[in-house]
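The chains carry the letters A, B, C and D, assigned in the order they are written, with residues numbered from 1 in each.
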Amino acid sequence: MDRLPRIPLADIIDRFVDWITMTFGGFFDGIANGLAAFVNGIVTGLGFIPSILLTIIFAALAWWISTRGIALFTLIGFLLIDYLGYWDPMLQTLALVLTSVIISIVVGVPIGIWASQKETVRRIVTPILDLMQTMPAFVYLLPAIFFFNIGVVPGVVASVIFAMPPTIRMTVLGIKQVPADLIEATEAFGSTTAQRLFKVQLPLATKTILAGINQSIMLALSMVVIAAMVGAPGLGSEVYSAVTQLKTGVGVEAGIAIVIVAITLDRITQNIKVKKKSRGNA
Amino acid sequence: MSVDEKPIKIKVEKVSKIFGKQTKKAVQMLANGKTKKEILKATGSTVGVNQADFEVYDGEIFVIMGLSGSGKSTLVRMLNRLIEPTAGNIYIDGDMITNMSKDQLREVRRKKISMVFQKFALFPHRTILENTEYGLELQGVDKQERQQKALESLKLVGLEGFEHQYPDQLSGGMQQRVGLARALTNDPDILLMDEAFSALDPLIRKDMQDELLDLHDNVGKTIIFITHDLDEALRIGDRIVLMKDGNIVQIGTPEEILMNPSNEYVEKFVEDVDLSKVLTAGHIMKRAETVRIDKGPRVALTLMKNLGISSIYAVDKQKKLLGVIYASDAKKAAESDLSLQDILNTEFTTVPENTYLTEIFDVVSDANIPIAVVDEKQRMKGIVVRGALIGALAGNNEYINAEGTNEQTQDPSAQEVK
Amino acid sequence: MSVDEKPIKIKVEKVSKIFGKQTKKAVQMLANGKTKKEILKATGSTVGVNQADFEVYDGEIFVIMGLSGSGKSTLVRMLNRLIEPTAGNIYIDGDMITNMSKDQLREVRRKKISMVFQKFALFPHRTILENTEYGLELQGVDKQERQQKALESLKLVGLEGFEHQYPDQLSGGMQQRVGLARALTNDPDILLMDEAFSALDPLIRKDMQDELLDLHDNVGKTIIFITHDLDEALRIGDRIVLMKDGNIVQIGTPEEILMNPSNEYVEKFVEDVDLSKVLTAGHIMKRAETVRIDKGPRVALTLMKNLGISSIYAVDKQKKLLGVIYASDAKKAAESDLSLQDILNTEFTTVPENTYLTEIFDVVSDANIPIAVVDEKQRMKGIVVRGALIGALAGNNEYINAEGTNEQTQDPSAQEVK
Amino acid sequence: MDRLPRIPLADIIDRFVDWITMTFGGFFDGIANGLAAFVNGIVTGLGFIPSILLTIIFAALAWWISTRGIALFTLIGFLLIDYLGYWDPMLQTLALVLTSVIISIVVGVPIGIWASQKETVRRIVTPILDLMQTMPAFVYLLPAIFFFNIGVVPGVVASVIFAMPPTIRMTVLGIKQVPADLIEATEAFGSTTAQRLFKVQLPLATKTILAGINQSIMLALSMVVIAAMVGAPGLGSEVYSAVTQLKTGVGVEAGIAIVIVAITLDRITQNIKVKKKSRGNA
């Protein structure tokens, strides 16, 4: 194969990245500051509340949203994290994950809705999503560093790129799965597109969209250690430094903390009691 | 009321629907009388509805009837432009809806025309009340007023007290009443009903038809009812349109349709029995309940009691027909400990499987027990009951077995076992 | 053949099965006659089978009958120790199987006893042939020989030519024949059949029963047949065991069971109609087919033809009964363009809904058309047909509507509509 | 929480790891050499065949196992990888992934069978699997390095730990899903446990087990870049070095190569035509 003139794909990409950094420099900095402020806002906000109180709040939240079992798990889990001394890094990881997930929802759901309404949009978006999910997450670090240099912001950006696809995919799926005869009924009674979307399509799609968000949370969590490579603080960087300094003990401890956060978030989002089906009286 | 007094509610002028590309060219070909096949070959598009022309009078129940694929649901969906007509005009109360803007059309759908669907199309995530008020909700009517109106329609269809239930908690019949109530809440002039009762089980369907007639007497809406069931059309239609392959074949009152069927197709359609197939005993025989001769009188009695019959044929192990056991004899035998053999009655008439119905007509009518149908080795194949004979002759294919032998046709018949 | 000549195939001595903990203590309590409730309270374990004692003769069809939960499938599964008995002994051909080792037991299952299951239990990933030869395959019989044997059994059950198909390609009846063939290929002495025909539809079940009887005549296996259907037990059982709540209530031939039911329970069981409930016209009336008086004679004729009836009641819009239309009159009216009103026949008998069957018996028997059942406002509720009256009196609950009114009970009745 | 005497969980783990390295040193070295030989054997073996020929072989294999579409994708994909100059690293990655997956099957399926037969085993194994899958993969690098120091072997070991759970889980699921009445039938006809397993349970479970293997392949592939951190060669290390040297172009190119390998392997294993249901005549 070497006979063929090799198109310098690598250089083209590099020059393209440099060009973007030049032209949109200011724009990216703006985003960077906004994002950093948002994440740190969460961290300091949560930081004010003493760990015990915060643990109880989390457990109560878990109880209200889902089941008693999960509330108990949350309580013990977070107590353990605090006990092992990983409370602050945990808060930073939580802030990083929540921010990435919130962005995935705010950006992802509308794209999903748009794709569900326009067939051509859907046909373009789906292969991109496939690519985004199979491409190793590391690769996303590169553009993140160039546009947002080191710190929590590139971590968030890389996490968002990696974690957003399921939210988009499930939003499209949820809306598409609404039976055709219901859509016809909305037409026959004279609904506008907005009325059809908000009164029928979205309510029926909620369950599937929530499943998508659950997947996004798990993906964001799986990125925390990789994000640490670009300076994102939290449990991820604890693991990363433990690996680089070959301190197995610390690595396992921080790993367990991540596992606790992961299982808690996963169980809560999976058991969100969807209010829709409350049985009316006879 | 003679025809011309009643005002015209809906006017349909030369409306056609072509599915596929090159619809313009196809409409042209339709106009100069090309057949559907030619159009399909030339343009690759199929003709859904071919130049439909009719008027619907105000307050009438107008039934559009045809087999599946006849274009009836396409035609009804063009009336509220759920499906855009390819050619022709549609007028409602004189206003032409075919060139209305999106917004004007939405107003017509909200105020003038409501629709009831075959599979109910109720919103599973909304209670019965929220379903019923949906139409008014879209029009921005405030909550208090629209819920009050919705309750009224629910009362009208007999669903008071169910408003807070969810659709999946109700039976098919009740769900369709909600569909009806939802359509009535907008207080439209016209009700489009697309095979509204076809998904219900036969018994409920007849009740719903009666209810629709009562409702129509009270509220006096113009109803366009789509169905593939001749009985349903005859029972509720003031006038009936017959459709076949996208064409309107005949329009008239139920009597007119039956009186002079406009062409051979209509005749066959209402005739619905292909008299050319001559029926034999095998076609109408039912499964024979028999008792083995080696059983006792009490077993015979219990079998007869369970089947609600007063006589039963006795057979040996090879299912060879031996005679008849009457309930009265069996009772006596049970008391005086006789065996079935002692009370076997050997006068009975049998007919071979392929005798024509006409031949066995008199045998069946004067025999007081069902006639036994036997094969060449005198083995029991089935029995012929008087009701089945009359029903079959009257063309009711409920009584006719498909391939002329009773049900075990698809399993290799028992005879094969050595 | 008197009883004592035939050799005993299976002997069951005081066999019990207790589910739960403390089974030892429970067996003790059973021995000294404690009731099931006392045992449950004391040990928290339930008594599945309570000291069963019986013998099965060689070559006999021995039916074990009982409602669901009577312990019949537990009992049959103890015969091949699929379920381990808690107490008592079981002998097959005199060898005690209750204390056999795992390997000895496996030999008995491979050679002596085969089983046929209610839901067929065919291996979906194996062809019919591979399913049938499974038993021999386990015993290491070489491919050529076992396939030849399997083909033989498939021929025996009439499934020649289907050997390369997969189970999900066959109907229920044919799948059960494969189950039968698979059990026969091992050439066992004993066939355990656990409700083998209950999953089949009624028509096929009767054929399979006949086939089993033929098969039994040819191959002469000892068959233990489990069922909950009295008719099935009467038709195929040489002897029947009746079980209730884990106890054997009676053992005897079908005649003996019917002749002197051993206790009140057995009597009720075979009686199966609770005569205490006195039937009224409402209980047995069927849905009334009616024609509205404003329709024409041809519509009436078509409705009658489709329903295979020769007369139909005419009602007004409020479903008030006006009279009877006979098919012959309607034919004349159609020819000479008369309306239904002209040919309305006003002699007809009506009965209110709550008249007792005994009272309307003579009215029904001498009227030549079905009797109309009406409510206080003379509105049609249903019709009483002679067949239904006889069937109901004979205790066949097929003809009896659940709550004494015909089917629309669960929908709020139409009357509510204003 | 600081008042409580902090149990030095980290130190305990470290001392435990050291103890294992001491006592089982020899044993681990044995495995290391065996594994290294196996992986390098694949690489040199495949290396002999010229890339064009190997691409055709892969495409033919894809066609035979699954569908024409996938064979075409394999052909073009591997040609592109060769064209971009990543052929050798691809071979190494393929060897790493195949080795890890083979180990997952050879070790995982028997554990799955064992767990499906013994309820207690299943109750112990399932929570461990959950933990293994939620723990960040990085943590597995630590024990891998200690026991097998640097190179492809720790990469394989870490990949196996991360990739094996789905194979075990799906083996248990597949066997458990065999309907109870079929199991009763095997008993009634006198099958030994082995006969029941190989004649009925495993054949019916194949489809589910294959789905488990497919998931393991995807997880192994997602580990290639992390494995590179402990010296495993291949596309993973291309991406890793690109990230550390901030060369976005190379990073994206290597990333695309990984995506191609991932999609090819995924589609092939998903479409393996299970021979079971070949329709007989008559």
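Just so we're on the same page, a contact is a pair of C-beta atoms (placed from the backbone, for glycine too) under 8 Å apart; a residue touches a chain by one contact, two chains touch by 3 or more.
Every value quoted in this text rests on a predicted model; they were computed, and no experiment measured them.
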item	value
Chain of greatest Cα-centre distance to chain D	B
Euclidean distance of C-alpha centroids - chain B vs chain D, Å	58
Gap in Å, rounded to a whole number, between the CA centres of chain C and chain B	31
Where chain A and chain D are represented by their mean Cα positions, the distance between them in whole Å	26
Computed distance of Cα centres, chain B from chain A, in Å	54
Pairwise chain contacts under the document criterion	A-B, A-D, B-C, C-D
Chain D contact footprint on chain C (complex, rising order)	80, 82, 106-110, 113-115, 117, 119, 121, 123-125, 127, 134-135, 137-139, 161-166, 182, 186, 192
Residue numbers on chain B that touch chain C, as the complex places them	156-159, 171, 173-174, 203-204, 206-207, 210-211, 213-215, 217-218, 230-231, 234-235, 253-255, 258-259, 270, 287, 292, 295-296, 298-299, 302-303, 305-308, 310, 317, 319, 387, 390-391, 394-396, 398-399, 407-408, 410-412, 414, 416-418
Touching residues on chain D, where the partner in the complex is chain C	179, 181-182, 184-185, 187-192, 195, 199-200, 203-204, 276-277, 279-282
In the complex, chain A residues that touch chain D	1-2, 4, 6, 9-14, 17, 51-52, 79, 82-85, 87, 130-131, 134-136, 138-139, 141-143, 145-146, 222, 224-225, 229, 236, 239-240, 242-243, 246-256, 258-259, 262-263
